[in-house]
Amino acid sequence: MPAVVAANRALGPGIHLLKLACEPPLPDIAPGQFAFLRPQNSDILLRRPLGVHDADGTRLDLLFDVVGRGTRALAAAQTGTTLDLLLPLGRPFPIPPPPALPVLVAGGLGLPPLHFLARRLHAAGRPFRLLYGARTAARLVLADDLASLCPDLRLFTDDGSAGEHAQITAGLADLPPEAHLLVCGPTAMMRAVAAAAEEAGLACHVSLEERMACGLGVCMGCVCRTRTADGQEGRARVCVEGPVFASREVLWDSP
Amino acid sequence: MPAVVAANRALGPGIHLLKLACEPPLPDIAPGQFAFLRPQNSDILLRRPLGVHDADGTRLDLLFDVVGRGTRALAAAQTGTTLDLLLPLGRPFPIPPPPALPVLVAGGLGLPPLHFLARRLHAAGRPFRLLYGARTAARLVLADDLASLCPDLRLFTDDGSAGEHAQITAGLADLPPEAHLLVCGPTAMMRAVAAAAEEAGLACHVSLEERMACGLGVCMGCVCRTRTADGQEGRARVCVEGPVFASREVLWDSP
Amino acid sequence: MGLALELAGMSLANPVMVASGTCGYGQELAGVMAIETLGAIVTKAITAAPRFGNPTPRLAETPAGMLNAIGLANVGVEAFIADKLPYLRDLAPRVIVNIAGSRIEEYVAVAERLEEATGIDAYELNISCPNVAHGGIAFGADPAAIAAVVGAVKAVIRRPLIVKMSPNVTDIVSTSRAAEDAGADALALINTLIGMAVDVKRRRPVLANITGGLSGPAIRPVGLAMVYKVFAAVGIPIIGLGGIMETEDALAYLMCGARAVQIGTATFVDPSAATRIIAGLSAWCDEQGIDDLQDLVGACHL
Amino acid sequence: MGLALELAGMSLANPVMVASGTCGYGQELAGVMAIETLGAIVTKAITAAPRFGNPTPRLAETPAGMLNAIGLANVGVEAFIADKLPYLRDLAPRVIVNIAGSRIEEYVAVAERLEEATGIDAYELNISCPNVAHGGIAFGADPAAIAAVVGAVKAVIRRPLIVKMSPNVTDIVSTSRAAEDAGADALALINTLIGMAVDVKRRRPVLANITGGLSGPAIRPVGLAMVYKVFAAVGIPIIGLGGIMETEDALAYLMCGARAVQIGTATFVDPSAATRIIAGLSAWCDEQGIDDLQDLVGACHL
């Protein structure tokens, strides 16, 4: 579906918030699902996957980091220009029913799906916790927003320039056993959180990233290594079987 | 140099007038010279040559027909977007000194360089004639404009929907011997005009078209067949030795 | 509106197929395109045993193109017949199974097994996958090897055989003739070019496999030139592919000599690309007053 | 800032050259780029007699690329020496003369004549132009023919010899080795791919010559893969080209194994592309704390 750029502004160094107006109104989207998009008539060939940061009626917000050609083109999209969207793709985060305590763990630009989830939990009046870390204060965007959604917000930076001067895994130490971790961030961080969760016996879901070509499950480009139910090694497509997986299913590559 | 789209509107079926704002101000441009341009960040690789339709200070007007990918991209360039320009390229039309009578002969989208020349001649108070033909009335754009520049304007259409129902060569019949034809239009038309001029013993210059890659004379892509001073067959690059040639220098391909 | 054709003994509703490796096993596309309108579906390459394929990253974007190094990831012939074929069998489009292997014996074994199954209309022999270390490219570049694998597979099948040619060769005419002489019923041109991308920041190849197969609009000029040359040299029908994004591109392949076309990378950019092109061909025939699109095949040859 | 290098006995101020056929004979670019900053200028192919080249259209744009079928249009060796060389001779960049021909004897004759002239630093043997009907491609694809032409030219020259390789081959390693074994001092990879475009409205090839040479960003993945492979197989230096538009692209070629690069089609898009890339390489070295850019050559090879 086409979507028109309503606003596109930098929130931090290379971090853009892209607000889109969609017509017809958006279908139902669950937190953890992603949009697959490209600017029309651009020199970018393939779509890029971006987690849904917020969505409501005809409004779609995406939050992304400029890391290469594709995200550079998206950052340059001027108000009024048209993008081409496929959505919602992929499987969302599970929302564990009470008494489980959702603990959202966001590392850097892993924030969008967890921001969207936080809004839904907040709207539903569900208690939850939110851990959010970044390299440095300037990259810890939207912290005020998040504080208003979650009184239990804990912030971390690698350099101590904001929040706690610690790895985000430090926030996992004192979680209750009913905590269910819902994690998105850099692979190394997710891997560390998944290991801590396993150690502590906590439920944990992670949202993986892989380069994608089709987003539809046909190209086999985006596979991750998994442990199947019978303990065998397998492959799953992040675009259709993911991006959210139970962390115990994931076979992490050696670092 | 960069140039910003100030306006871009259709004057007829597929015929666009593109108004550009250039900063720094334009260098001197002589009628018959061309601009070599492409939209920035587009999926078009090579620049396209377009004759200068009008230029003044920081204002540059181009008039073009949408015939393929490149001109389609130019037609889609929105106000405020940036194009990349090289100009002025090529050799201009000669302005034959009195008592010669400049007779401008424009076929369809061959109009731009002759429109620019007409403005210059009008501003200089030089008498001149203008013959302008197109397939049909809708494609005979800017006729009122031209009438205000040249009281001796004669219009032609192939289908008689405006002006005289005749080929533009019909307008050559009663020219005085001091007429010097300055011609731009489809190849077949230029060839016919050149033949008529030779028959009548009139001076004649034509502005040729060829596909271009570099516009600088380095790629050898845009050559036309010529007769050299000593009567031999030769090749000339339309981008640097042209686009304007004395018609007797041109070896027209068999039709 | 004149799009139907006979090709290598199959009747196709129209000349537009979705290319191997870009449409999974059909089912994945059901929700996003009108697959019932397709002329044919060409499955992902099937090998004897299931394969995981290469490590990731397996994909990279390049100017007007993409690299893939999937490496024949597939469910294997048994799971294909048990789990994937039943869905395909009931569809309107013809079902063409792309076969790959590391040795001639593997190609033959897969073909023999598929012969026992119903619901398959033809095979496409992938002798040109650049992403498998042993086999693949070796078959695709050497006329003698091509003759051997095509002949061996032909000997065990009754269904039509399409041979998919590698463009990574000095002389596409001699490899194509070798396939024809060995009994191929049709040729598909072209598979991907061998390419590479570098992550300059990391000073490493982008793909874990280092090189991959280049597809997309970037390679269209190469595909058109090869179809043009091979059309003049062989008698069997050609299926053209490589960078077809729009109706015009499909027409260009037909004019160079292809009787049918396949849509690959375009489906990633726009899932409805193939159906859009079918409609576009039909509209173009109407507009140009063409009764049978096949009249246009080879029009570029004077 | 660490850009200087020795290559095949030449000292270059930096590894950036402008490619044959895309910079004329130097003079045409003087007004639009700072040619004095270039590492080297490679002339348009020179043949024994002047040539008009192919009929027009000789050019077509393709996705992220272009086709040319210029066909060795040039002033011929005598006019080159008399009219073009005097200008080039006085420039700071090294002067590399690209030599082409239809037969081995023509290559040798041109090389012999150029040996008599001063102001030339090296030759680049164009054994890979796809736009000449007789010769050209035949030399470029066959190791024995390559050995013959390289050996014959080497025998009559004292200046360094660069051999420019055709990518339209099954095995770039064996053609490259043939050139090395026959005495090439360096290799330039790659020349253009063979491609074609169709004017669907006219139902005719766009190019009068039907096929042409594909250049530009579209072919960069192919060039990178070939440089990567050949680097591992030969001992002589490689000059990388094909689709370099930006500093990053030049770095990618260096990391694959090229010691120097050539800028071709990019000059058409932006006449200052080569000078911009020289500045970009310098800035990148500063930023990354690299003393000698040559330390990066082959960095992608583990």
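The chains carry the letters A, B, C and D, assigned in the order they are written, with residues numbered from 1 in each.
In the analysis below, a contact is a pair of C-beta atoms (placed from the backbone, for glycine too) under 8 Å apart; a residue touches a chain by one contact, two chains touch by 3 or more.
This one's a predicted model, so the numbers in the text were calculated from it and none came from an experiment.
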{"item": "Smallest count of steps, each to a touching chain, taking chain A to chain D", "value": "2"}
{"item": "Most distant chain from chain D, judged by the mean position of its C-alpha atoms", "value": "A"}
{"item": "Centre distance in Å when chain B and chain D are each reduced to the mean of their C-alpha atoms", "value": "36"}
{"item": "Rounded Å distance between chain A and chain B, as computed from the means of their C-alpha atoms", "value": "55"}
{"item": "Chain C and chain D, separation of their C-alpha mean positions in angstrom", "value": "34"}
{"item": "Rounded Å distance between chain B and chain C, as computed from the means of their C-alpha atoms", "value": "46"}
{"item": "Set of chain B residues in contact with two or more other chains", "value": "43"}
{"item": "Sequence positions of chain D contacting 2 or more other chains", "value": "63-65, 216-217"}
{"item": "Chain contact graph, described as a line, ring, star, complete graph or other shape", "value": "ring"}
{"item": "Pairs of chains, among all present, that meet the touch criterion", "value": "A-B, A-C, B-D, C-D"}
{"item": "List of chain B residues in touch with chain D within their complex", "value": "38, 43-47, 69-70, 84, 86, 210-224, 233, 235, 240"}
{"item": "For the chain D and chain B complex, residues of the former touching the latter", "value": "21-24, 28-29, 32, 44, 52-53, 56-61, 63-66, 68, 70, 73-74, 216-217, 265, 267-271"}
{"item": "Sites on chain D touched by chain C in the complex", "value": "62-65, 67, 141, 168-171, 193-198, 200, 203-205, 210-211, 214, 216-222, 224-225, 228, 243, 248, 251-252, 255-256, 296, 299-300"}
{"item": "Residues of chain A defined as touching chain B within the complex", "value": "41-43, 73, 76, 78, 80-81"}
